[in-house]
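There's a structure below that I have some questions on.
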Amino acid sequence: MSLPAPLTGVVPPLCTPLTPAGEVDRVSLAALAERLIDAGVSGLFALGSSGETAYLGDGRRRTVLETVVEAAAGRVPVLAGAIDMATERVVDHARTAAALGADAIVATAPFYTRTHSVEIADHFRRVREGAGLPLFAYDIPASVHSKLTPRIVLPLAADGTLAGLKDSSGDDGALRRLLVEARRRGLTDSFSVLTGSELAVDGALLAGAHGVVPGLGNVDPAGYVRLYAHARAGRWDRARAEQDRLAALFALTDAGDPAAMGGSSSALGAFKAALHLLGVIACPATAAPQVPLGDDAVKTVRQLLEEGGLLP
Amino acid sequence: MSLPAPLTGVVPPLCTPLTPAGEVDRVSLAALAERLIDAGVSGLFALGSSGETAYLGDGRRRTVLETVVEAAAGRVPVLAGAIDMATERVVDHARTAAALGADAIVATAPFYTRTHSVEIADHFRRVREGAGLPLFAYDIPASVHSKLTPRIVLPLAADGTLAGLKDSSGDDGALRRLLVEARRRGLTDSFSVLTGSELAVDGALLAGAHGVVPGLGNVDPAGYVRLYAHARAGRWDRARAEQDRLAALFALTDAGDPAAMGGSSSALGAFKAALHLLGVIACPATAAPQVPLGDDAVKTVRQLLEEGGLLP
Amino acid sequence: MSLPAPLTGVVPPLCTPLTPAGEVDRVSLAALAERLIDAGVSGLFALGSSGETAYLGDGRRRTVLETVVEAAAGRVPVLAGAIDMATERVVDHARTAAALGADAIVATAPFYTRTHSVEIADHFRRVREGAGLPLFAYDIPASVHSKLTPRIVLPLAADGTLAGLKDSSGDDGALRRLLVEARRRGLTDSFSVLTGSELAVDGALLAGAHGVVPGLGNVDPAGYVRLYAHARAGRWDRARAEQDRLAALFALTDAGDPAAMGGSSSALGAFKAALHLLGVIACPATAAPQVPLGDDAVKTVRQLLEEGGLLP
Amino acid sequence: MSLPAPLTGVVPPLCTPLTPAGEVDRVSLAALAERLIDAGVSGLFALGSSGETAYLGDGRRRTVLETVVEAAAGRVPVLAGAIDMATERVVDHARTAAALGADAIVATAPFYTRTHSVEIADHFRRVREGAGLPLFAYDIPASVHSKLTPRIVLPLAADGTLAGLKDSSGDDGALRRLLVEARRRGLTDSFSVLTGSELAVDGALLAGAHGVVPGLGNVDPAGYVRLYAHARAGRWDRARAEQDRLAALFALTDAGDPAAMGGSSSALGAFKAALHLLGVIACPATAAPQVPLGDDAVKTVRQLLEEGGLLP
């Protein structure tokens, strides 16, 4: 399907269900995609950070994307992460994604290497040209260790290199300045700004963001769809209440023991534990060498699902 | 006057006007305070980061606070920054502020030294006890290089150590989780959460923040007062439009040549250049050894004031 | 050939010469390897950071390694970088390297994802087992954004997971504590500690490091070989003088215009410009999208080569 | 006394002994100074980071300096830290120090505020002029969050603003480049470069540093004096052995429970615990709100003193 311009709404970054042996669990992944579509999301983002993409080799990445494209069956667009260190590999991923039927590519600035704004702009131009698909820039300084400033992004939006931005920087001041300036330049009708900061979505939508890419949307897609609908209809108090409920639910990402694992293992493990408890996926395992959640953490996740109204 | 609990509304962090010789310009400072009160602010925050406090010795700090307390004349509460490296000095500043008539103290975690959450909590308890005034914690990781997490702040809110938080961390996800949890614990009727992220104030107020401490509020206090009023009345579209206008105006902080000066010199210099162009203060000089704005930068500031409707 | 245990001496991280079209220039790469072996290095490290590995896809990486293994022809061991985001891909690279005849693998902790010491240790164990070759841990926080502390490294050295460490952290205090503790545990006869901090090699060798992996060794391998020989013979004053000369030469990494490119483009571009001026490689191009050096920068490189006695 | 130019040798940053009530323990501080002078140090640095200066108000700072100047009694020069956020306060401290008889001032770049190289240079010029005493720049990015690059330092060394540099950056590559360039410019006969990286002193002296400012020198001044003497005499193997012993002893800084306190509380607490166990100071307390060491940590300190040959 062709990608709406601008893309709007809720576009969850799908978790990647694995078997106990570490293979991609295609049945569970398809079930997850189905659940998200049923809930009313407007796109599926496969192979993002929530999808544990850093941990997946090319074979598993391919399986993930095949599965999601097949499950989507043209009902919603599929965005494919092409997450890798620098341009050549990103283009390789993007071409594979295009061949597998993805509708758009999501890529970061180069990382591992120290980079520069001129280099980043050239990178995105090469990826756009190499991929032959609409391209979203993915701003995630916590992983990439550089920031996609408005000064980098706006010219790339203006010249058609970028179809959109997924902003996971958490820098809502920079986001606001980007949105204001994009509107001033007449870009917001085609260039889609999606926030990845899943805890202040009401504010981001009020500020003019086109949508949201919430990791927690794997667990409660209907909540984010309601939040989006309230915001679009100007029901800001109800949007706020929904966001508050989701912010409380987000505490599940802290379930893991901080002395025993990192924040990423805790958050991704908790999303999967929740999906397992909800009966969506068959196995909560995360990709090696991430540290699995302990029993206490799973209890915490269950309790938060109950408090959030997702489990009886 | 006694401090409202919780403190709400617009509480600008006052710039510190200086004479060409570097003395505190009491007349200009009183004029600035008067202008802010006229615009409808609900408090004045003297000796914050926007006040160049890092650059001011004890004598100039004292003069600033005397001037602001006298200018406020009990019409709005005066919050006094007690910004220093660690507990003893912070308590010294706080006691001086109490003696000079301040209504509340604003203090950060210890800095320069590497610190720890246990140490930070003890620090705030000692400052509260030493000051004998309501205490606001000031979360500004860009200066202090540690973050006041909800885990640190909430117990101090619950036990009465803190009357509020000024959140200049820019971490709106953490802010939301703090607000949700504070509400759950019944703290939001007394504990005031003020955002220092002046570009997403509509979103922060929607999320439940009690008010805002905007550096740009020196330049356009009436704008922030309108934004606050719209938000409180549920006129979110108008709040958003006001914030958008202010976000465009905020570009003045980038006026300085980045090859010649740091971001702080540029921003503080631009606020003062604007106040000078608006006729509020007599001299735009910043404290040594900050780098002054060049003529081109001042032209940019003037143009942005015109575009923002503040100059004809 | 089998890898000496511990590996000692000078092990340069080879630059990757490219054609103007961006293909690996096998002839130039073989010439570079030959020059290094002639100079007396004790190993060749292909596909490290100086080799622009982040920018190279699997095909170019394979060509590099084939070329270097063939050029080495068993005269010195070849260490192959298996630089990628996390375990599965690192193991893939390591297996390819083993199949192509590499003698050892060099791998970092997982990056892009936020990680944890338990996860890092498990990662190295899986890479060691998957590769079937001796494994060097590569500590480069500037790229990976986590530090391989002695607490992580020492148990992996003791249980045979790691054959060595390439320490590019620049943290010579931590390096000293590692060396002292490794000696106390009787590990230094088998576990090789190589410094990647090419400007303080005399001090690192004095402290007990086994060798050095100098990017600048592409340009002046004989200098580092002399430095190493002086140190091993206890001629510390001559070692120091050699290091001083090399430190002055290192200024070529700053040749690029800092307003136009990043530090990495400048340094890697300068190494290649120097190799081109020295007649070792046919073309100084770096991999896209790095920014090429301008003419002034090349002049600076030439001048420094002259001052360093490498060009007449 | 007048300061030697360049200052060389071992210049320990004195701990600040406190009474249980938190007052400066003048008797213990004088005893500490005496012990250091007896051991052969070439200067005393009062009010540095190891002296917990961040935690001390003006009164306690004054007492410290009076005590150290009196104890030194002209036998060795006294360097006084003028550690504060920005220029005005730093000048205030420096003038007080001059009045109290200090022989030189040690100051950092401005902190808390974001700064810039132009501003930093102007800062040091103003401090030098205001103080009327020789000035050492203190490079400690872990506290100040900016780095004093050779590009900032060398012109200030050349024009006489700076009498020296205390380099606690841990960046031994930058240190080497500074030393090489300073020598090239003929500055090393007057400009003193002291390393604060107490674990690689042999390497720093080999590289041309003039001396060392070791926190651990409070605990084992004789060890550092021997290390320095070996290095100056070219006995590098013995210098290395001494440094190795001191590096093993340095493990006491990790004695504190990392879950209960920060690294600074642990390190400063351990220095004081060691001095208390050695009978030099009367009470091991650190300044509030630092977290005190637990009993297990003190046992660890004792054991390391025994292993290091400082306790029987």
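For clarity, chains are labelled A, B, C and D in written order, and residue numbers in each chain start from 1.
Here is the rule we use: a contact is a pair of C-beta atoms (placed from the backbone, for glycine too) under 8 Å apart; a residue touches a chain by one contact, two chains touch by 3 or more.
The structure displayed is predicted, hence computed values, not measured ones.
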>> Going by the touch criterion stated earlier, list every chain that contacts chain B and also contacts chain D.
In response: none
> chain A-chain B contact: same residues or different, taking over half shared as same?
Replying inline: same
>> Measuring between Cα centroids, which chain is at the maximum distance from chain B?
In response: C
> Cα centroid separation between chain A and chain D, in whole Å?
Replying inline: 48
>> How many angstrom lie between the centres of chain C and chain D, each centre taken as the mean Cα position?
In response: 34
> Mind pulling the chain C residues that touch 2 or more other chains?
Replying inline: none
> For each chain, which other chains does it touch, given as pairs?
Replying inline: A-B, A-C, B-D, C-D
> Which of the residues in chain B come into contact with chain A in the complex?
Replying inline: 170-173, 175-177, 179-181, 183-184, 197-200, 202-204, 206-208, 234, 236-237, 239-240, 243-244, 247-248, 250-251
>> Touching residues of chain A toward chain C in the complex: what are they?
In response: 49, 52, 54-58, 60, 83-89, 92, 110-116, 118-120, 122-123, 126, 142-145, 260-265, 287-291
